[in-house]
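So, here come the structures, one by one.
Both complexes shown next keep chain A, but they swap its partner, so chain B is in the first and chain C is in the second.
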Partner chain A sequence: MATVAGSLERQAAGRGLSLVAAAGWIALAAGLLALPHLLSISQREVAVMLLVNVLLVASYRLITLTGEWSLGHVVTMGVGAYGSALLASLAGFPVVLAMLGGALIAGFVAWLLSFPLFRMKGFYFLIGSFAAAEVIRLCWKKFTVPFGGPKGLSQVPELPPLDLGALTGWLSLQLGEPGAGGHSGAYFLGLLPVHEDLVIRFSKPLFTANYYYFCLLVVAVSLWLLWRIERSRIGMTFHAIHWQDSLAASVGVNTRGYRTLALVVGSVFAGLAGALMAHGVGSVAPGRFDVTQMVYVLIWVIVGGTATFAGPIVGVVVLTVLNEVVLRELGIDALRPAVYGAILIVSVLFLPQGLEGLWRGRRNRPAKRRST
Partner chain B sequence: MELATLLQTALNALYASSYMALVAVGLVLIFGVMRIVNFAHGELYMLGAFTVYAVAVEWQGPFLLGVALAVVLVAAVGLVMERGLFRPMRTNPLGGLILSIGVLLILQALAVERFGIRAKDLPPVIDGGITFGTGVQLAWERVLVIVVSAAVLVLLYLFLRYTRIGWALRACAQDAEAAQLQGISINRTAQIAVGLGAALAGIAGALMAMNVPIEPYMGHSIIVAAFIVIIVGGIGSLEGAVVAAGLYAFVDTFVTTYTDGTVADIVGLLLMLLVLVVKPTGLFGTRERA
Partner chain C sequence: MLKRGFPISRRRLIGSGAAGLAAAGTMVRRPGAARAQDAKTVKIGFLAPLTGEVAAWGLPGLYGCQIWAEKVNAAGGLEIGGDRYLVEFVPYDDEYLADKASVGATQLIFEDGVKFLMMLGGDPMPAAYAVASQADMLVSTLLPSDLTPDTPNLIAPSEVHPIYNVTGVQWLAENRSELKTAVICAQDDALGRPSVATYQAAFEAAGITVNDTIFFDISTTDFAPVMTSMLSSNPDILCLDTAYSDFVNLLCEQAYQQGFKGQIISCTADYYRDIVANTSKEFMEGFIFQFPDFDDPALNDPRVNFPDPNGFYAEYVERFPGEWSAVSWEYVSVMHLWVDAAQRAGSIEPQDVLAAMKEGGVGRHAFGQAEWWGEELFGISNALVGDWPVVVIRDGKAQIADFKSIPAWWDAHGQLLIEKFEAMGEMHYQRG
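Then we have the complex of A and B:
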């Protein structure tokens, strides 16, 4: 009863706040669109990586919904990165298709791994997923053909330029200039810098601003999909499996099947994040996907809090900003991991709900997560 | 395959299994009482090695003093971890595991800050070695690792078997609640278990300082090996850890000798996965009670 009352209360509060919420969303969108114009080139690259990591942690949360914590998620991202890079460079796929292909390969590999891994639970699943992922990563390191060995793949194809020539007539209206054929410094829809010939380029000089918008679009759509999945009947079933797996099984829920589904869907989006990274950075190497990276994903997710959709995203954004702004300014490079470690310890001991639990307040706090 | 190479590889494997057993047994001791897998165990090992380096090279002190100090210091770090981190997480093993990852990051970063990332070597502690027949030899420094490890493990066995504290430890590992009902203090026992487990990692690191380059990330490979060992041996089983350390060290050393290190890593991880899939309780483990 208490939870029903709580959710009704939240709904009512939601309606009351809808104007504020809408204003908040608009402000957020405006901020995200304006962001690359406020940043230096190197900060734009950080912003692109932040978008990639937001997708990574959001997809990780989908897997943790069913109660299993994987240590293989970063390698899954790597499968998407390698898959997409190889599809584009060896098989000659157009980059956008290669990205989707890489994501699907990541999902397929996760499906294959689900057979041995879902025989395990809790700590065993954690360590098993580490072992399986590390084997994949060591294979990238071991086999120079086709994975490039320890140095990995370089010269991963970039997104091809997007030719807006066909849209010229329509575009001229948007640009507010007649015959938008040959002026420099124009902005598509007021945002994307467009070259004289009305082509949006994703190559290096303009890479970061335009590629940022591309990633923003992909990540926004992916987050919306992940959100819809979590709110759907399937997502509710994931929650049910996490809290009461025997009960769920006893009313006819195929818990193993749903766990696999969560793992595969989460892995597809992790693979997509990897593909975005590969074609943005232009190279893929096994060192980018080692267990240290996985530890950072865990820290982002745990410090942010896993109870809600926004938690891990808050975690990765806050810690990245902290890392780039505060720690970089302090100039204590060697001690940065120690700061992360201390933040992790403090948040596990004193903020079991994560950062996100801070402003959700005491009243709406959900029942304590069952310890596994 | 030449006989000499075979013998040499077998000796190397014996040496590798001895210090791996120390690290893995420490991990199992902590797990047994706390039900927490200590991810920072490799960093305790690293701390032991750096303590010896600081004493023997920076302060020009005797090697044995370095070893003694390493054991005390690492055990102290273990006690602090138990009191400050593991005790509040006793009902939440995953929380304890995550806290130990935080400790791992802190210890690593402190080591980088204090000693730099360049690998360090200890000047030879003992020169020479034993030679068996043609070309098969074992450096005294490695013999020392084997002998001390074996002695420590025997002492630990006697301690667990024949002292009241040892009984208390085993009782807590079997069933903490029942042990508590018998009047055994869980907190005190946990302190002893974690202190001992950490001290074992400290001894292993101190001894290995003679034989391997000392660097802040040296804990990584040993912790992966130790996880493989405790899973193969059956998590929570001390005998299993010792036997599995031998098994894994032999497989790893032979595969490394005849192919290369990356393949050996892959084989080790596949071995662990195989055990996890086929017999998750390991060679010697008993089924966890729900």
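Then we have the complex of A and C:
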């Protein structure tokens, strides 16, 4: 154990991280792995939706890096949700492939929309993205085939069970007393509840924990990719376009191409978030992707802050916990719009850099130059 | 009895201000808890939109349930199977979103242990029912368009939306035969579209020509162009379909401002006194809709299965002024059916109650004896259908003009309704 800690410390030091930061990462990972076992069944579903929304806001931030704010990101998420649901239910794709397909469809639609949208900038891009998104959303409502019309699609296939039967020879399953809903009392790798027939199921509500781990894996990999993109030369170019697009163009940077790239990549991950939601909830409807939901995304991002990678994630986590745990437990969840409004006003007035401003100011002065 | 203090809708909060807050404050009390100390508690889940655009069809129903539960508990609770039960409603705001409804259903069924789940229905239903079906939970909806052959535990025992809308058109044709043309408008959603199909069938059956059908998006805020378009063909009748409460109000204001002087018919007219105030008594005279105020003397008819409707209404408007709406009594009427079935079954278990409820194929609907129906339209006979009132505004007050039989209309024009549903893609086998 000491060797592992020492190794982590050396690695952390090599990357300029402190031992405290490394310990923080380990604690975060342990916490995320243990989380479903600390939550009630319904709260596990909230945790799944939180992971989906984390991916949504992180992908949104990638688009904002180039300086453009879109009002169509939630609809892009919906494109992924509808695409994945249709690929799985109509075309018979395996669910995981359908999810990837849905994400790619979202990216393709974003690429198509980039042609008219990137003829605009700033406020005009904002309004243009809203209009384009509304066209897509109204198409879902208009065309009952294949989108299901206003009621949308139901009975979206869930993630298929994973059979461990063939692996039991070498896997150590900690068998216990059989539990409710066919739960065998066994845990794969000490975490994932296993059905009594040694199959890992992902169906809600009894096996939501397994779907949580699936989403955690997908979201973690996605965040790592988004992080790598932002830290790469491409990411630096996004920043350059944001702050000095004329200068960047004058030295040969294809600003429109990079803006398109940010929109498409961000949309692919938003589509993936939509696919995770569709197969987790089991239904998709146009009402889930309206402008009200987009406003919530904007609030999460603004309250969290967009200057750092973690800002929007902190925003969505804090506000989701506030909404789904604090307000509901207090029985005043109907005051949500007022609470959100008050938080937004307070944030704009006293935390113009968002919640991330609380730690950035002390920790990393140069980062302020990236602030929006 | 409520599990916890519960919410105030955004709009009504603005409208009723301190009065609304004070009203909500009273709801955290548990007036029945002190009585019948030997009684058990049966929990009923209330999973509906309590905030947002659709809250007007959730929150007023919860108010009604609270009044009903307090009365029941004050009287010592319910006698079921030799045991005495106090009633506790456990509300959960699904915000009319599927993912929130799924979480709510999980919490209510698997954590709170409710024995019956009442919902508004619509978008959130598929996700919530997927959870409920795993526990064989009995679920009710106000929207029978949620019913499919795959939902055996889902019932529509109170409101057969939108089928009862045919009664208003039928009464209109019988009493104002000079009206020959109509224009329909509705928001383009799961509530508006099947309702449009129903009105189209009803008008056609009554010999009234539909000049135009206009769908508007749910995010519409300016109804001037919608109304201008509706009036462009100079119709005798404006049909507001099942437009949301706020939309009905705004559409009526636009019709008034643009000089319309003909007949208006609508599924609902929640907060119609506000509409009268914003237009005029003369303009609203003869306005037809489907949901009575429960102070109406016609509801004292012996065939009506809603105990003391006038007293219920009086208490409701006193405690929640300005909150009476189409759903204020409906969830309560569902509870009347549930109690009746549970007492006959001698059990609160969902499947026992469902079996008793459907025994003999008939049930005691709020507006009289009714039959379990819907096989041809929904693929399953889980909708309780009988008579339905036609309500007319006279001198600024809603009054029941007549009761009309939905089954009788269906027997004469059922095929026409199926054709319109198919054209709208609303038959159960056409839904996604």
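Keep in mind that, in the parts below, the second predicted complex is superposed on the first by the 330 of 372 C-alpha atoms of A that agree within 3 Å, B and C clash if a C-alpha of one lies under 4 Å from a C-alpha of the other, contacts with A are read in each partner's own complex, and residues count from 1 in each chain.
The rule is simple: a residue touches a chain if its C-beta (ideal position, glycine included) is under 8 Å from a C-beta of that chain, and two chains touch if they have at least 3 such contacts.
Remember, it's a predicted structure, so these values are computed and weren't measured experimentally.
Enquirer: Could you classify chain B and chain C on chain A, in the superposed arrangement, as clash or fit?
Expert: clash
Enquirer: Does chain B (first) or chain C (second) touch A:Ile41, or do both, or does neither?
Expert: Second partner only, chain C.
Enquirer: With the two structures laid over each other on chain A, which partner does A:Ala334 touch: chain B (first), chain C (second), both, or neither?
Expert: In the superposed model, A:Ala334 contacts both chain B and chain C.
Enquirer: Return first, second, both or neither, reflecting whether A:Gly152 touches chain B, chain C, both chains, or no partner chain.
Expert: second
Enquirer: Who does A:Lys141 touch here: chain B (first), chain C (second), both, or neither?
Expert: both
Enquirer: In this superposition, which partner touches a larger number of chain A residues, chain B or chain C?
Expert: The partner making contact with more of chain A's residues is C.
Enquirer: So in the superposed three-chain picture, is A:Pro116 touching just chain B, just chain C, both, or none of them (first/second/both/neither)?
Expert: first
Enquirer: Considering only the touch criterion stated at the top, classify A:Ala132 as touching first (chain B), second (chain C), both, or neither.
Expert: A:Ala132 sits against chain B, while chain C stays out of touch.
Enquirer: After superposing on chain A, check 5-13, 77-85 or 167-175 and name the one in chain B that bumps into chain C.
Expert: 5-13
Enquirer: Mind sorting out which residues of chain A both chain B and chain C touch, each in its own complex?
Expert: 134, 138, 141-142, 291, 334-338
Enquirer: Under the touch definition given earlier, write down the residues of chain A that touch chain B in their complex.
Expert: The touching residues are 69, 116, 119-120, 122-124, 126-128, 130-132, 134-135, 138-139, 141-142, 291, 295, 298-299, 302, 334-338, 340-342, 344-345, 348-349, 352, 371-372.
Enquirer: Under the touch definition given earlier, write down the residues of chain C that touch chain A in their complex.
Expert: Residues in contact with chain A: 4-10, 13, 28, 50-52, 59, 93, 96-99, 102-104, 106-107, 110-111, 122-123, 126-127, 130-131, 134, 145, 150, 188-190, 192-193, 217-219, 425, 430-432.
Enquirer: Once bound in the complex, which stretches of chain A touch chain C?
Expert: 40-42, 45-46, 49, 134, 138, 141-142, 144-155, 181, 204-206, 208, 277, 280-285, 287-288, 290-292, 324, 330-338
Enquirer: Over in the complex, which chain B residues touch chain A? Could you list them?
Expert: Interface residues on chain B, with respect to chain A: 37, 85, 88-89, 91-95, 97-99, 101-106, 108-110, 112-113, 220, 224, 227-228, 231, 235, 262-263, 265-266, 269-270, 272-273, 276-277, 280.
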